[in-house]
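Structures are listed in the sections that come next.
Common to both upcoming complexes is chain A, partnered first by chain B, then by chain C.
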Partner chain A sequence: MSGKVSFQILTYGVVCLAILLLPIVVDDAFLLNKYSRYLVSGMLAIALSLSWGYAGILNLGQATTFGLGSYCMAMYLKLKTVPIHTGSDGLPDFMVWNNVTELPWIWVPFHSTAFALAAGILVPALFAALLGWFMFGGRVTGVYAAIITLAVMVVVNLIIIDQQSYTGGFNGLTDLAQFELFGFEFDAYSASTYYLVAIGLTISLFLSLAVTRSKTGLILQAVRDQEERVRFFGYDVALYKTFVFAFSAAIAGFAGMFYTIVMEFASPTFLGVPLSLSIVIWVAVGGRQSLLGAMLGALLVTGVQGALSESETFLETWTLIMGALFVLIVLFLPKGLAGAFSALIDRLAPASRAPISQAVENSPKAEAHIGGAA
Partner chain B sequence: MNTSREPLLSLREATVSFQGFIAVDHLDLDVGKGELRCLIGPNGAGKTTTLDLICGKSRITSGEISFKGVPIHALKEFQIARAGIGRKFQVPSVFRQLTVRENLSIGQSRATGVLHNLLKFGSNDDRSRLEEIAVLVGLRDEMETLAAHLSHGQTQWLEIALILAQDPALILMDEPTAGMTAHETAKTATLFNRLRGKHTLIVVEHDMGFVRDIAETISVMHQGRLLAQGTTDEVANDPRVREAYLGSGGIGHA
Partner chain C sequence: MDFIVSQILTGLSLSSILLLVALGLAVIYGVTGVINLAHGEFVMLGAYGAWLLQTQLGLGLIVSLIPIFLLVAALGWVIEVVVIRHLYDRPLDTILATWGLGVMIQQIVRLTAGGELRYVQMPPSLSGSVNILGATDSAYRLFVLGVALAMFCLIWVIYRYTSFGLKLRAITQNSGIASCFGINSALAYRVTFAFGAGVAGLAGALISPLKSVSPEMGTTYVVDAFMVVVLGGVQSLLGTLASSGLLGEISGVLAYYSNDTIAKALVLLAIVIIIRFRPQGLFAPRVRA
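Showing the complex of A and B:
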C-alpha cells in the first residue's frame, strides 16, 4: 500500500515538474499566457474532482467561487492602479462614472495585500461553507444539490451585474495594475506569471492529494458510496460534506485570483454557466476520481480547444465536439481517461490478484442500499 | 425478565406510525448490560423498525427510548452512534468501492472530527486491532480486495467486522446470518458467543437453530407488540407464540 502511495506521489511530482519547467523550452510570451490560462483550468478541475469525484457532490456552480476569488484579486489590483484609471481621491474610474463619491466600505480593506490574498481564498470558502451547511444540513443530495449550486451561481452573477457602482457591472473590473509581490512584478505575458500559476497549481494538487489520502478523504469516499451508512458510525456527514465543499471552493477561489492576474481583468462571465459546465466536462474526460486525471483532462480539453480556435470553422463546431466527447466518455469510460489508463496498467501487470470478482457479483441483494440512498 | 441489573437500553411505550400504519405499538423492552437478546417474530412484526427506532433511522411518534439512563430518541443518528450504539443492517451495507481495509478503517470511528481525521493517514490506524478483527471474521487474506468483489457471506461478515471495529457498547444485528451457508452460520454463532459479555447485543434472527445456539432471553414480537419473552423453551411452548406463527410456516422456519 505505501508503495502504491509513493508511486502516486512520484507521478504527481513528475507531472508538476514538467509543467514547472515548460518555460525552458517555450519562450513565446503569448503562448505562456495561454498556457497559464490552461493551468488555471487545471486547478478548477482539481477543485471539482474533490467534491464530485471524491464526495459525490456534483457542483454545477463551481464558477461561483472561482469568480469570487477573481473579483477579490481584481478589487485589490484596481485600487493599485495608476492615477489615469482612477478619479478624484483615488476612486476607481467606473465608480466616478457611477457618481459614487466615497470608496464603499467593502472595498476599503482591499488596500491591504495580505487581506486581499486571504480574501481571495477565504471569501469563496466561507460562501461555500454557508451554502453547504444549509444544503447538507437539510440533507439535500444528488440532483437537487446540483440544481441549487447552479441557481446560486445565476443569482450571484445577477447581483454582480446589477450592483454596477460597486462591481463595474457588465464590464467587470478592467484596467488593473500589475500584480506585485515582494517587489516582484508579474507581467501577464511573461514566464514569471506562468511560474506563479504553475506553483499555485502544484500547491493545490498536493494539498488536495493530502486531503484525499487522509482518513477524512476516506470517509468522504464512503459518503459518496453510501451516505446513510456513514452516519451510523458516528460521523457527522453534513460537516464532512461541508468541509470538502468549502475546501474545493478555496481552491477554485485561489484559481480565480490567478485568472485575474493572467487575464488582467475580472468579468461576470467568469461566474457563468458555460464555464461551470466546461469544468464538469474536463473532469469527466480526465476521470473524476483521480485528481491528476481531472487536471490533465482540463489541460487536454482546453489545449485542444485553444488549438482549434485558431480556425474559425472549427470554433463553431467546437461546442458540438465537446458535447459529443462528453457523451462518449460518460457512456464508455465512466472513470474517464485516468480510469482507462489504470485499467490498462492492471491488464499489463496481472500479478496483482486473481479475479474471484465476477462470479460472486450476482447476489440479488448486492445492489440494494439502505434507506434508498444512492 | 430475569435481569435485576440496571437496563442498558430501555424502550417505554415506543410507538411509530407510518402514515397511520402502526409498525411498532407501545413497545416496552429492557435489555441489560452484557446481555445477548434475541428478537424474533413473523415477517412484518416490526423487528427491523424497532432497531431503526433505537439507532435513529426512524423516529418514534410517542414513547421514550433511553440508553444508559439518558433519552436518545431525539438525538441525531451520529450522536446515537457516538453514545455507543452500532447497527448491522438487514441488507448488508458496506462501502463497495473501498477495500476491506479501508472499510475497517471507516468502522474504527473513535475519532469522528473532520480536522482530526484530516491529519490521520493510513498508517495511523490501530492496525493490529484491524488485523485481529479481520482474522476473527475470516477476511485476513482479503484486506486489499474491493468490498464489491466479496461473496455474499463475506459481505455479511465485513459488516459485522465494521461493527467490531466501531466497538460500541450496544450492537444491533438485523438478520446477520441471512444468505449464509450452514457452515458460515455456525461460525457466526461461535463469534457471537465470544462477544457475549463484552458487548450488549440485540440480534434479530429467523433461523431458530441459530437462535438456540446463542440465546439467553428471547423476545417475540407480533404486529408491533411484544408478545412473549423468556428462554428458548418457554417461548417455543407458548401457545400465543405458536398462534402468531401459524400460517408463516411455524416457529422453526419463521
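Showing the complex of A and C:
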C-alpha cells in the first residue's frame, strides 16, 4: 500500500515538474499567458474533483467561489491602478461614473495586500462553509444540493450585475494594475506569471492530495458511497461535507485570484452557468475520482479548445464535438479517462493490485432513488 | 381596481409561460426521475420550429402547433432510445448527459439557423387587446394562458382517468412491482419522455411571439421550470400548477416594486430556502414508497 502511495506522489510530482519547466521550451509571452489560463482551469478541476469525486457533492456552482476569489483580487488591483483611470482620492473610474462619492466600506480594506490575498481564499471558503452548513445540516443531498448550488450562483451573479456602482456591474472590473509582490511585478504576458500560477497549481494539487489521503479523506469517500452507514457509525457527516465543500471553495477562490492576474480583469461571466458546467465537463472527461486525472482533463479540454479557437468555424464545431464527447463519457466512462487508464493498468498487471481496486469497483453506488422513495 | 387587475394579469401571463415550460419537465421528472437539462433546448426547438414554418412555408402559428409537437416529441423519443434509457439507475448522471445533449442541440441550431435573434409573428386574429374589469390585456397572452390550462387539464385527465395514466402511477410508486404485473415500464418511460419533449416544443412555439428566438433562449427557461417543479413537489401535477401561479404572481409584484434582476434573485433565494426545509416540495402528495 505504501508503495502505491509513493508511486502516486511520484507521478503527481513528475507532472507538476513538467508543468513548471514548460517555459524553458516555450518562449512566447502570448502562449505562456494562454497556458496560464489552462493551469487555472486545472486548479478549478482539482477543486471540483475534491467535492464531487471524493465526497459526492455535485457542485454545479463551483464558479461562484472562483468568481468571489477573482473579484477580491480585482478589487485590490483596481485600487492600485495609476491615477489616470481613477477619480479623485483614487476612487475607481466606474464609481465616479455611477456618482459614488466615497469609497464603499467593503472596498476600503482592499488597500492592504495581506488582506486582499487572505480574502481571496477566505471569502470563498467562508461563503461555502455557510452554504454547506445550510445544506448539509439539513441533510440536503444529491440532486437537491446540485440545484441549490446552481441557484445560489445565479443569485450571486444577478446581485453583482445589479449593484453596478459597487461591482462594476455587467462590465466587471477592468483597467487593473499589474500584480506586485515583494517589489516584483508579475506581467500577465510573461514567464513570471506562468511560474506563479504553476506554483499555485502545484500547491493546490498536493494539499488536495494530502486531504484525500488523510483519515478525513477516507471518511468522505465513505460518505460518498454510503452516507447513512457513516452516520450510523457516529460521524458528523454534515461537518465533513461542509469541510470539503469549503476547502474546495478555497482552492477555487485561489484559482480565481490567479485568473484575474492572468486575464487582467474580472467579470460576472466568471460566476456564470457556462463556466460552472465546463468545469463539470473537464472533471468528467479527466475522471472525477482522480485529482490528477481531473486536472489533466481540464488541461486537455481547454487546450484543444484554445488551439481550435483560432478559427471561428472550428470553435463552433468544437462545442458540438465537446457535447457529444461529454455524453459518450457519461454513458461509457463514468470514471473518465483516469478510470479507463487505471483499468488498463489493472488488466496489464492483475496480480499486484486487482484485489483492492476490484473491491472498490464492485462497491454498490449510492442507491439514490428519486422515482418512488422520498 | 384596474391597477390590481392589471398586476394580477401580468402575473398570470408570467405564470402561464412558467406552467407551459414546466409541465413537460414535471411529467418527465415525476414519472422517470430524469432531470432533463435539455428541456430548455426542446423549448428553443419549438420556437425555431414556429419560426421556420412561418418564414419558409408561410404557416400560421396556430396551424403549426401540432406538427411542432410531433417533431419535438419524435426527437425526444430518439434521445430516450439512444441515451436516456441507459441512465435510469444513475440519476446524477442524467443531469450531465442531458446537459451535454442540450449543448449539442444548441450548437446544431446555431450552426444551421445562425446565432442571430429571430422573431415570430403573432396570429393576426389574436393581436388585439381585450378589456377585463377596466384593465387591458393582449388577447394573445390570454390565449397562451388558455392553452396552458388546457394542456394541464389534458395531462391531468390522462394521468388520473386513463389506463395508461394508471400504469404511470403504478410505475412511479414502485416500478419493480409494476413490471411484475406486466406493465411495460420501459415503453411507458419512452412515451413519457417523448410526450414531455413535445409539450416543451409546444411551449416554445407558443412563447415565440412574446420573446425573441435565439439558440440560448432555453437556458433561462430550464432553470425557471426546474424551480417550479421542485417547488411544487416532484410528483404533484397540482403542485406544479400552484407553484407556477405563485412564482409568476410573486415575480410580477417584485418586478413592479424593485426591478427584474432583484425580483429574480429574491425568488431564487426563496426557492433555495424552501428546498432546504421542504425538499419534497410545497405540495407533495402522500405516496407510500
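Here, the second predicted complex is superposed on the first by the 352 of 374 C-alpha atoms of A that agree within 3 Å, B and C clash if a C-alpha of one lies under 4 Å from a C-alpha of the other, contacts with A are read in each partner's own complex, and residues count from 1 in each chain.
The working rule: a contact is a pair of C-beta atoms (placed from the backbone, for glycine too) under 8 Å apart; a residue touches a chain by one contact, two chains touch by 3 or more.
Since this is a predicted model, take the numbers as computed values, not measurements.
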| item | value |
| --- | --- |
| Chain B versus chain C as contact partner of A:N99, first or second or both or neither | neither |
| First, second, both or neither for A:A146, with chain B first and chain C second | second |
| Which of chain B and chain C A:S6 touches, first, second, both or neither | neither |
| Partner chain in contact with A:T216 - chain B first, chain C second, else both or neither | first |
| Touched partner set for A:Y235, first chain B, second chain C, both or neither | first |
| Touching partner for A:F243 - first (chain B), second (chain C), both, neither | first |
| Residues on chain A lying within both footprints (that of chain B and that of chain C) | 365, 368-371 |
| Chain A to chain B touching residues, read off their complex | 1-2, 5, 211, 213-216, 218-219, 221-222, 224-226, 228-237, 239-240, 243, 353, 355-357, 360-361, 363, 365-366, 368-371 |
| Contact set on chain A toward chain C in their complex | 58, 60, 134-135, 138, 140, 142-144, 146-148, 150-152, 154-155, 158-159, 161-162, 273, 277, 280-281, 284, 316-317, 319-320, 322-324, 326-327, 330-331, 334, 365, 368-374 |
| Chain C residues touching chain A - in the complex, by the definition given at the top | 29, 32-33, 35, 83, 86-87, 90-93, 95-97, 99-104, 107-108, 110-111, 171-175, 219, 223, 226-227, 230, 234-235, 259, 261-262, 264-265, 268-269, 271-272, 275-277, 279-280, 284, 287, 289 |
| Residue numbers on chain B that touch chain A, as the complex places them | 55, 57, 76-79, 81-82, 86-87, 89, 91-98, 101-102, 105-107, 109, 112, 114-115, 117-125, 144-146, 148-152, 155, 162, 166, 179 |
